Amino acid sequence: MIFQKEISITPLSRGFHIITDVITEVILSSGIMTGTAQVFILHTSASLTINENTDPTVLLDFESYFNQSVSENQDYYLHNYEGADDMPAHIKASLLGASVHFPISFGRPRLGTWQGIYLGEHRNDGGSRKIIITINGE
Amino acid sequence: MIFQKEISITPLSRGFHIITDVITEVILSSGIMTGTAQVFILHTSASLTINENTDPTVLLDFESYFNQSVSENQDYYLHNYEGADDMPAHIKASLLGASVHFPISFGRPRLGTWQGIYLGEHRNDGGSRKIIITINGE
Amino acid sequence: MIFQKEISITPLSRGFHIITDVITEVILSSGIMTGTAQVFILHTSASLTINENTDPTVLLDFESYFNQSVSENQDYYLHNYEGADDMPAHIKASLLGASVHFPISFGRPRLGTWQGIYLGEHRNDGGSRKIIITINGE
């Protein structure tokens, strides 16, 4: 059995945001009890990853780390006409990835106790973001 | 329904290359209308990722970024007998990943407008590369 | 057909470890001949990735690279009360990812000749780790 749904995330500020609840809601609505979920973001300057779901300073440290690791205004950037945040956003999107995947068990996302789903918004003004959730299961 | 096909990519120069068309062709041939695609590269010194599909300077900036971020000839490298490009190639392969995954909708890859599939060739002379595409769907 | 199994990995030292054999054993037990495997770790300070399976120095170079690339004791870390290794562990977990995915062909993991499955233990004392393997196939 396949279930697929597109959702839209309202504009978020640059940085990392936990979106576990909205994804869980879609999964619960699918009626699939056991399987795999694929959560895919349709953009190249935002990302999805799974990390710590409790202490909000982890989200802030992620933003600091990736800003330091993928600097703006590098001399070697050729793709710079969409703003200083644009090329770093593309690189961050690939370092973190456009999708997350996790098991479904007993009709729910089977995440670890401390795991949540992060949306990384890497543009200063990224606008709303589209996500497609596809579940394979039974 | 499961569809699986192995393809071979002719040797590419070191750097990033868009391979969306060849992957799309395989997906169209599967006849699967809704589901998930897994595209997996059978190598540890090349990678797959999803990023911007229009401006070729993004591909060049990716190569520059990863060359700077994963330097050759680090003093601490122990695995260096296959050439200066080898250990960095392994690290880049894991930073970016051996697979990409995206939804299938209406019989086609459901990618965002600006998304393409990149093959990252991280060796100077990587030779041809094998990829397996597996689709779960209906 | 869906197959799902949870396994526990006994405590490993900080660094990278090849766990291909234990994953392969689960896949063989599933009886699924063709499909996709999802291997998911239920933690935010350990990771899964696919890389070179033969020379143990690659594992050591991975540990060196990620320690250098994601430094401990950065001034900007706010999340630091769980130890100097904690925030770097979270970042490494997202750079490498919480899951790996590969094809199943002829009832076996369809990995490249040189590919193995790595567990990255990013804490000094991470304890045992839980992994869920889910296979979609036929």
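Letters are used for the chains, namely A, B and C, taken in the order the chains are written, and counting of residues starts over at 1 for each.
The rule we apply is simple: a residue touches a chain if its C-beta (ideal position, glycine included) is under 8 Å from a C-beta of that chain, and two chains touch if they have at least 3 such contacts.
Keep in mind that what you see is a predicted model, and the values were worked out from it rather than measured.
Participant: Could you check if the interface between copies chain B and chain C is built from the same residues on both sides, meaning over half shared, or from different ones?
Facilitator: Homomeric contact, different residues on each side for the most part.
Participant: Suppose a student superposes the Cα atoms of chain A on chain B; what rotation angle should they report, nearest 5 degrees?
Facilitator: To bring chain A onto chain B, one rotates by 120 degrees.
Participant: Taking each chain's centre as its mean C-alpha position, how far apart are chain B and chain C in Å?
Facilitator: Going by mean C-alpha positions, chain B sits 20 Å from chain C.
Participant: Multi-chain contacts only, two chains or more: what residues does chain A have there?
Facilitator: In chain A, the residues touching two or more other chains are 69, 95, 97, 101, 136.
Participant: In their shared complex, at which residues does chain B touch chain A?
Facilitator: Listed in rising order, the residues are 34-36, 49-52, 55, 57-58, 60-62, 64-65, 68-69, 95-97, 100-103, 105, 110-115, 118, 136-138.
Participant: Given the complex with chain B, which residues does chain A contribute to the contact?
Facilitator: These residues of chain A touch chain B: 2, 4, 38, 40-44, 69-70, 74, 76-79, 87, 90-91, 93-95, 97-99, 101, 130, 132, 134, 136.
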